[in-house]
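Two complexes come next, and they have one chain in common, chain A, joined by chain B in the first and chain C in the second.
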Partner chain A sequence: MRNILLLVLSVLVISGCTKHREEVGAVLNVAEVAKIKGMDPALAEDQYSATEVSRVYEGLLQYHMYKRPYTVEPLLAEEMPQISKNGLEFKFKIRKGVMFQDDAAFPNGKGRELKAKDFIYSFKRLADPKVQSTGWWLLEGRIVGLDDWRAAATKSGKADYEAKVAGLEASDDYSLTIKLTKPVPQFLYALTMPYTAAVAQEVVEKYGSDFLNHPVGTGPFVMAVYKPTEVMEYVKNPNYWPATFPTEGAPGDKEAGLLDDAGKRLPLVDRVVVRVLVEDQPRWLHFMQGDIDAVGIPKDNYAQAIGPDGNLTAELKEKKVSLSKDVAMDLTYTAFNMESEEIPQFKNKLVRQALSLAMDERESIHTFYNDMATLSQTPIPPGIPGYDPDFKNIYRTNDIALAKKLLAQAGFADGKGFPTVVYDTLADTTSRQMAEYVTKNLQKIGVQTKVNTNTWPALLEKINHRQVQLWGIAWAADYPDAENFLQLFYGPNAQPGGMNGSYYKNKEFDKLFEKARAMQESPERTKLYRQLAQMVANDCPVVLGVNRIAVSLHQPWIKNWKYMEFMTNAAKYFRVDTDLKKQLRK
Partner chain B sequence: MMNYIIRRLLYTIPILIGITLITFFFFNVVGGDPVSIMLGKHANAQMIADMRHEMGFDRPLIWQYFDFLKQIVTFDFGRSYASKQLISKMILDGAPVSLCYTLPAFVIAMLISISLSLLVAFWRGGWFDKITVIICVAGLSVPSLAYILFGQYWFAYKWGMFPISGFQPGFPEMISYIALPVIITVVLSIGGELRFYRTVMLDEIHQDYIRTARSKGLSERVVMFKHVLKNAMIPIITNVVIEIPFLVTGSILLENFFGIPGLGNQIVEAINTSDFPVIKAQTIIFSLLYCVFNLLTDILYSLVDPRVSLK
Partner chain C sequence: MSSAPVEIEKLPKGNSLTKDAWRRLRRDKFAMFCLSIVLGYALVAVLTRLGLVAGTWSEQVGKSYSPPSAGSWHLWFGTDIFGRSVILKTIYGAYVSMTVGLLASLIAVPVGVVLGAAAGYYGGKIDDIITWLYTTISNIDPTLFILSLAFVLGKGMNSMCIALGSSAWVGICRLIRGEFLKHKEREYVQAAKSLGASDARRIFIHILPNVSHLVIINFSFLFISAIKTEVILSYLGLGVQGIPSWGTMIDEAKLELARGVWWQLAAATLAMFVVVLSLNIVGDALRDALDPKLK
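Let's turn to the complex of A and B:
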């Protein structure tokens, strides 16, 4: 018996011994930190699914990979659209000769040419209630006739894709006109998102509800292996249209060698291998072993990667790994429920200002973000027009004396008579530690809190049903427009499921917001955005938190790498120095 | 015996109905509304209402319950809210993957712990027994996550004996991927199993018939294997058979850390995203398996112990 056991264990151990598999061609190895929710552009809600969808599918527009501030440029559109003077009509010319990838859904399995009607179909799909797209908000109330088309589909139980929508018109195979119900300058950003990518009707109809497992787009890569909970492999699309590497970038990009491949045909790698690595340790170890080419630094491995001087540790320097630090366009905040029945005191601005003053975000930046975050002065993060680097928010100064004074003015000197506040948070360790930190800060002015932990769905439901009093949350930009952050405080968004979870209602804010969001980018609009941001800073419907700094590492053999907030189809620009990789991995 | 089996199978029907009622109550009545999660951060009241209508959440609860029963009978649990994949396919794909490492680990752990339990029972009170018990208690005191983190870091990353994570279906490709999870599962199981079997063996060893067997001059080998082991089979069978349904569901931690696409991996994802259809389907299937294996335990009792008759 013992011999048999020894034999079994020996076989397990010996067969387990591993060596690096030899890679053929230039392979980009990346990791996703969450499981992919299918390859249907209409369902690409989370960043990870959107990134995977964008390898195969393309839309009319995209962000320029290297220019900053973020600039929109044509992708499947031949050029930027002609926009009517009133901002209501967008005329697109579709690029000719763009082919869908080969698939059994097409005659003889050969992909057909992309036409303007494909975009009309794809936009209708976003509106189709049966598709249950999470991207409908991008088009809702914006395209003439599309809401009515959706309403008819809801009523009849079946969408009629043959029915005309007045706001979507294809005068020929390469001309697309989109008519808006009102001027929406942010509409161009909507057309960069994977949601609005072109899908072929015949592919959708062939695969039905299994369409999400059969990606067929016009993009640079073709799906070769698809295991959404495990691994995905893409190969270079042999019929990809002649897209080329950009010749321009931001100042300093050329000198940094980021434009060395200018003019070359895209994509620059032969294959992309994506591993789904949810847990931090295996993801980090795979990076350290050189199996994956880029990684965000897990909290527990931070000290291993970054030294006390903020630079890479000797171990990583020896591996010639590169470090990238970029301010992310996001905002963390602690929200007050201003319609809370248990804490009606949150209606009082003085109370909110006092609580905001009590929170010491500087210490939290050190403790929870390893100093990789900056204090938010307004809801608009850096890098977006409307951000004001000179504005200092007096309610973010952690002035405890002033906080106590304001609380006393509100009738709660030293917190006496102030009800115990329930602080809702998530159940993970960091969230619980942050909640304890909030408790400690508020105790300084005599306000007592009780921490309540939740799963993410439970917390979201509580917020939607106004069952929260005080809670921590974050917002990541959908597009580089301050409107995306200021909408969190827009009165009509204060509804169950709406983005204004604080139920902040300020008529003056709403009026100015409506005016600003309909304006094209201009100094006047920036001025209005700053005015709105300062109103939020002064009224404190939330305690503003931080803007996080995205810290990531990438291997020395990866070339043309640049941090991008919105770009989901960046893989086509990356080059792998295969000789260097072989040499370093020996 | 046939009558007994049929009767026991019929008994499982009210049990299952009870389980469906509890499951339905928890997820459909008090479990909250998953629509906000499904729609993401840009949901508004109208979109939530539209989605609720599309999903049939605005239908009377009784009809929703009948739909749930129909799903169980047809084994068509619809699609996952989160991944939109067919749940029956997810389960059929995930269960064999979990079994790939849980089954060999289970067999190895069982053989090692039963064999060792015979030895420690034989040398009860001696240094081998004491050391084994100390090791078992020490092993049980360390959390499973520590074994996983340690094993993955040292055996896979530092010493390169195994891949860090991943899974490859097919034999022998899968061996290198499941080897470390199997070893960790065996190590995790042995402490508890061995202590349990040791107690069982010691109970038998002190029985009168063992004393009689020894006084008849039987060898220790015959005493241990023919008498002690055979008479200890009832608790062993109970322990072994009841563990089998857990093999199908896999280990949440191991699968997540080693990237094994089994059912454990699916469960954690489903809980994190309030993917109720997946959780409901897995709960029902697990309950079914539990009932079936319970019945199997009773049948096996009658095979190993002639005193037990099934009426």
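Let's turn to the complex of A and C:
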């Protein structure tokens, strides 16, 4: 009951306060949908913290904002690295004249120039056991000598940052050489992630454990207000190196006016205000009031935003709001625990195939995703090499007759004798509705389920400890490489804490996967990826779900807006048309 | 001087307390109406339990989110996200609520009465221990206490009844303890004692009937709070799993309201409002009827 009252009140409060706000300069207003854990790059594990971290910090590389498919380009590196023939040595030239933001940690409070050794320090920090970085997996076992350095630090209890690591070398202030232990084609992607951004040793040492709240980087914005559960404000970095707006983009970007600011100095806005708005409704209402500039559409506000024809409703058209629909690189799936003691039947391929056939994802696309999703045929989503638009998975056809036949072949005609399956999910409303939907689908072939709801950390814990039988989850790409999705089914990842929660073990798959992931992008590799994806489609270690389409809205005064799956520092490219905003908000 | 011997047989026969209370309760027309509503809910719960009504709640009867319509009674309150009848879900929710209310009260009342009686009657160390126990439990916020119990016992209807029962006995225990402290010094108890009645006889045969009206009144209020707590727990996702409940219906409505779907909220709150109000009025009327001072 109280919830309803609060909702009514919040409407009043919002409409009450908008009239008094006066903005100076060009301000970008955005919303973050989760609380921020902190501003330390080494701990930026979730998308939301990573987004905030990358407003202040920068790494060697980044994804090109407008080119598609996603391509990697230099950021703090002068140019793309020279890679040795055997793929083991990466030679970087560091950009000259890049300054750290002013901070009391530096002499006279003036930021100093970025040097190659800062990257060596930052990488070692990821390996420092005391830091407990959640990004260590990016470098683990990959850089010559870094694992030994970590082992020595663990042993002595204190990391020695002066000790040399053979695989990290700075011959002068602007040259950095990284030596790998084995060829890892995905390594360049690792260098775009906020984890590998440059931090200054002076700043880390001055603030100690409070470094989490004191971001000092080389990035386009300087943090001004930091209330991680409410609001964060950033101002333009006056000493930002002369980064400029890109002159190239994907076909059609120029015509769409996305490159109108080509060549201009970045960033294009004076301030960024980030509000933390966890609940759907307040966030949506803020957007409708024009207080925030971009928003995803909550499932239940869909009808208010998009009409039956798939276009914006008159209300939003009148507000001149823009709609964008982009295929997100993610995959939802329902996983079987193939080593479940309670349901040993999940070891049987016929059983898994039958359950996969029983699950009708087409109706759920309508009910839960407002038709903004496509049925996935293999674990590789569209937009990534290895995705095969022509492949049709027969176990995703919802052929109930075939499902019953396969289940009978496995010895469970009409589900008789099949144990009741526990389906684990989250406790929120939509998750529970989805669980009811799973129950309903499996009943069609006589398989009974019992639903168990959990908190998000509790569910992950259960999966890690193999205390689940059947559960729903999704995976979002870390980088645009099918390896990132196929590793979900890689045998050695089938361990507590590993990503292969299904405990799918297939020697043939593992062998091919190991071969494919060490290859540079090529038609041969794409062929291997497709082969691997079809193996998963056929063996059904999971019931494949959907690939979602990210539907978002942005205000008419936001220019240069484009959906970006990975790069988290897009704010520097956005321009706010302040005159238009004033005019429209009158 | 002679006087006629008193003819004992001709004395008017006194009414027992219960009979008297029932007579007075019957005079209160509105309370009787409310009692019949509560009994109606109980009947629906029993029929649901036997599978005679609402057994088909999980079947699709219309399109997703059809608004209420006058046609088939299944559609009087429209349909939910999967096109299931909201009215059948509400009926099933009544079964869940009545069951939880009854079971939780059946756990809480005996525990509260026995501990309260022991504490009040024996005093001393036993009183100290029991007082310490209920003071400790009553100091924990009841929702948090039930939440943590729900996590330990797992989720579902049974564990919810246990969780509710094991936290709700405090009030009745405190009340019964006070009454026993008072009654054990009364003449009738002293008389029983001098006639050689045992402790158990004095507690259960002599004192308890004299405080039983409190138990009955408290039972009806415990029932109400159990129903409300069930709804809150289910709303938070810690209550019943996989079957409809008023709490989960209100939880779903939280999102549906944004798209103008109000009927799940209306059905669940209306059902809850009627039964809680009726139980309250019945409880009040019972208190009046059973109170010897208001005779």
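In this section, the second predicted complex is superposed on the first by the 567 of 586 C-alpha atoms of A that agree within 3 Å, B and C clash if a C-alpha of one lies under 4 Å from a C-alpha of the other, contacts with A are read in each partner's own complex, and residues count from 1 in each chain.
Everything below uses one rule, namely that contacts are C-beta pairs under 8 Å (C-beta built on N, C-alpha and C of every residue); 3 or more make two chains touch, one makes a residue touch a chain.
All values derive from a computational prediction rather than experimental measurement.
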Clash or fit: chain B and chain C on chain A? fit
Quick one: is A:A413 in contact with chain B, with chain C, with both, or with neither? Answer first, second, both or neither. neither
Of chain C and chain B, partner touching more chain A residues: B
With chain A as the corner point, what is the angle to chain B and chain C based on their C-alpha centres after superposing, as a multiple of 10 degrees? 30
Looking at A:T439 after the superposition, I want to know if it touches chain B, chain C, both of them or none. Which is it: first, second, both, neither? second
Looking at A:V235 after the superposition, I want to know if it touches chain B, chain C, both of them or none. Which is it: first, second, both, neither? neither
So in the superposed three-chain picture, is A:T453 touching just chain B, just chain C, both, or none of them (first/second/both/neither)? second
Let me test your reading of the model: by the given contact rule, A:Q281 touches which partner, first (chain B), second (chain C), both or neither? both
Taking the superposition on A as described, I'd like to know which of chain B and chain C A:L88 touches: first, second, both or neither. neither
With the superposition applied, I'd like the minimum CA-CA separation between chain B and chain C in Å. 7
Chain B and chain C footprints on chain A, overlapping residues: 1, 281
Quick check on the complex: what are the chain A residues that touch chain C? 1, 3, 280-281, 284, 298-304, 367, 427-430, 432-433, 435-437, 439-440, 449-453
What residues of chain C sit close enough to touch chain A in their complex? 58, 64, 81-82, 155, 236-238, 241-242, 248, 251-252, 254-260, 269
Within the complex, which stretch of chain B touches chain A? 32-34, 36-45, 47-48, 50-51, 53-55, 79, 82-85, 104, 108, 111-112, 115, 149, 152-153, 156-157, 160-167, 172, 175-176, 179-180, 182-183, 256-259, 261, 265-266, 269, 271-274
Sites on chain A touched by chain B in the complex: 1-2, 4-5, 8-9, 11-13, 15-19, 35-38, 40, 43, 45-46, 129-130, 132, 134, 136-137, 140, 154, 209, 212-213, 227-231, 275-279, 281-282, 285-286, 288-289, 291, 455-458, 460-461, 464, 475, 478, 493, 495-499
